[in-house]
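Common to both upcoming complexes is chain A, partnered first by chain B, then by chain C.
Moving on, here comes the complex of A and B:
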């Protein structure tokens, strides 16, 4: 009996460590946009890192907040200092799973893939579900595209009443990443 | 049987332990994959000026800062509406960032002497954390003031060089934590021609100041310019003291201050003043900053 159990544990460990297909990028694009009647602004980050584990249907992101570029430099300073405390919380992290069967060998577009995961941002971790398109390209690369809304208050990002009219409570986030085999 | 139970628990836990391990590995791997962001400390001050004087904050590449500042009359009481009946000085400046390290400026102050100023601020070192830390930000500020007012006699009026003053400042700042930042600015002012022959051409002052952020959008600021006692040619106060508030509203910064100075360009406010803050010679002033992206 004991032997059998030990065998089982050993077997599952081996199972875990079997090499899997891993795709990565370090130049993913993340844009967020805030739109109100008075003022609209956006910021772009072209240095989002992401890993896509093909067999496990896992996708993970690491986005440094200081790498977001704003049109107005002063806004960038205030974004980092006042709103997201990027010295204390340098990155936004997301890890999610999807269930769709995707054949990563044949070019095809998979629309409306549901990705369930957890988002860690500004010291708060919350479940987040996003809808994404996954494209398997001809050259064996894979693209991941998604648009979703992020409610700032849920992540403890407080907007002072002085600028309430200028910053949207929900910011629109769009992600575009292209993966290659690492 | 007990042993069995233990083993069973272990089996149940195994996937969780492995899973946690795996998540850590995945994010660890992501971390090493991520292109590092700049480790420069940002937002040491809310704007490129502490109040009257320059701070180490810079106008970044292709940004234009337009600033309008006013100083009102001496606060006496309700009869002069706390000084606001009378605008003592109007200062306007445009500062442009050639790149992230060079900023050029043009300014005009009506008092004193209807002065036009050209300036350059060079950001030499930035305070940074990370792998290559540096404890302070260091900038140089240089300016030329041209006094455009009418002079008498005629020879004085026609003497071009006599209208020029030069300002040289080293700005050293450190952001100690989220809230507290301090600034030290040794200043050398050279005046080609002084109003009075007993006054020195060279004046050395030391600016000391700082800000304390008491809410995310507001800070209280202090600034003191101390003239080194290399001269004693007039009794009026040689130092200037200001206390004020920064209010930041996303793209705009409002600065409100109480000061004993009435000049708003460094060639003047850093050396001689009309009054003494601690003898109730206090003027109210403000400045409005708007940033444009060109």
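Moving on, here comes the complex of A and C:
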């Protein structure tokens, strides 16, 4: 019996430490913007899934492409069917590491944190480094903010020559997530 | 005869232009006004999905109605994410709904894929039925 209790205590201690270091969100905001002289458009996704492992300094995102909302139905259809082939490649994934020592218990803003990782998008995996701001909030939540460019050609997204002037070769991506303990 | 052609051709062009403009400016699918294409109990959908009896291809672009128990609620400034039976993620646009974990709800939304991070079937633009 004693053994059992000991085991239980040890086990819950392990469980607690794991639970503490894993922060998650399902309401991450991802916006991408394409801007050219002729046409500008953007799409927003407010249900990006993300995990932040505090101790391991790992951050990971899983963004379903079909969850991007456009202003017009036709844009949404074209985006999914012609450009990113979301039936075949349903998600964009990023997983990265950072090296900064961040005290996740004290409210503070950490500027220009370098996150080195890999981006998997449209069937292509490429190394990607993004610069982010990590904010430790008063209520113990953590915000992650980042802006970066994604070159469509690098990820084999074909843009027909007819619309070449309307879609930027580099789309601007902005990410805003707020993590809570899960 | 010539006069007739002169009249018909511009009319065709005009109709084509109006129709193109209509298609181009059409807003995304409105879930509130669309009837569900398929409806499931949350557990049935999760089990069938896990055993590949239902695949992404069966669900894609469809309005899906699910009823189940709320196991998790996550709120943000812009939306609410409701998890049904630990396996279906629904995004609700309005943030005013009074929902509690443990509640049984019926919801309809557009299938947007399977989230491999949390192993959840994802529905977007959801609308609460009851």
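Methods note: the second predicted complex is superposed on the first by the 162 of 182 C-alpha atoms of A that agree within 3 Å, B and C clash if a C-alpha of one lies under 4 Å from a C-alpha of the other, contacts with A are read in each partner's own complex, and residues count from 1 in each chain.
Here is the rule we go by: contacts are C-beta pairs under 8 Å (C-beta built on N, C-alpha and C of every residue); 3 or more make two chains touch, one makes a residue touch a chain.
Computed from a predicted structure; not experimentally measured.
Chemist: After the overlay on chain A, what do you see for chain B versus chain C, clash or fit?
Modeler: In the arrangement built by aligning on chain A, the partners chain C and chain B clash.
Chemist: Between chain B (first) and chain C (second), which does A:37 come into contact with in this model arrangement: first, second, both, or neither?
Modeler: neither
Chemist: Between chain B (first) and chain C (second), which does A:29 come into contact with in this model arrangement: first, second, both, or neither?
Modeler: Only chain C is touched by A:29; chain B is not.
Chemist: Give one of first, second, both or neither to describe whether A:95 is in contact with chain B, with chain C, with both, or with none.
Modeler: It touches chain B, and chain C stays clear.
Chemist: Looking at the overlay, does A:163 come into contact with chain B only (first), chain C only (second), both, or neither?
Modeler: A:163: touches chain B, not chain C.
Chemist: Is the number of chain A residues in contact higher for chain B or for chain C?
Modeler: B
Chemist: Should A:69 be classified as contacting the first partner (chain B), the second (chain C), both, or neither?
Modeler: A:69: touches chain C, not chain B.
Chemist: Quick check for you: in the superposed arrangement, does A:82 touch first (chain B), second (chain C), both or neither?
Modeler: first
Chemist: Now for A:51: first (chain B), second (chain C), both, or neither, which partner does it touch?
Modeler: Both partners, chain B and chain C.
Chemist: Using the superposition on chain A as set up above, list the residues of chain A that contact both chain B and chain C.
Modeler: Dual-contact residues (chain A): 24, 26-27, 47, 49-51, 60, 62, 64-67, 71-74, 76, 87, 90-91.
Chemist: Which part of chain A faces chain C closely enough to touch in the complex?
Modeler: It comes out as residues 24-27, 29, 46-47, 49-51, 60, 62, 64-67, 69-74, 76, 86-87, 90-91, 178, 180.
Chemist: Hey, which residues of chain C end up touching chain A in the complex?
Modeler: Residue positions touching the partner: 23-29, 56-57, 60, 74-76, 78-79, 81, 83, 89, 91, 110-118, 122, 124-125.
Chemist: Where on chain A is chain B touching in the complex?
Modeler: Going by the criterion above, the answer is residues 1-2, 5, 8-9, 12-13, 16, 24, 26-27, 39, 47, 49-51, 53, 58, 60-62, 64-67, 71-78, 80-82, 85, 87, 90-91, 93, 95, 158, 160, 162-163, 166-167.
Chemist: Enumerate the contact residues on chain B facing chain A in the complex.
Modeler: On the chain B side, the touching residues are 3-4, 7, 10-11, 14-15, 18, 22-23, 26-27, 29-31, 33-38, 41-43, 47, 59-61, 63, 97, 129, 178, 215-217, 247-251, 253, 291, 293.
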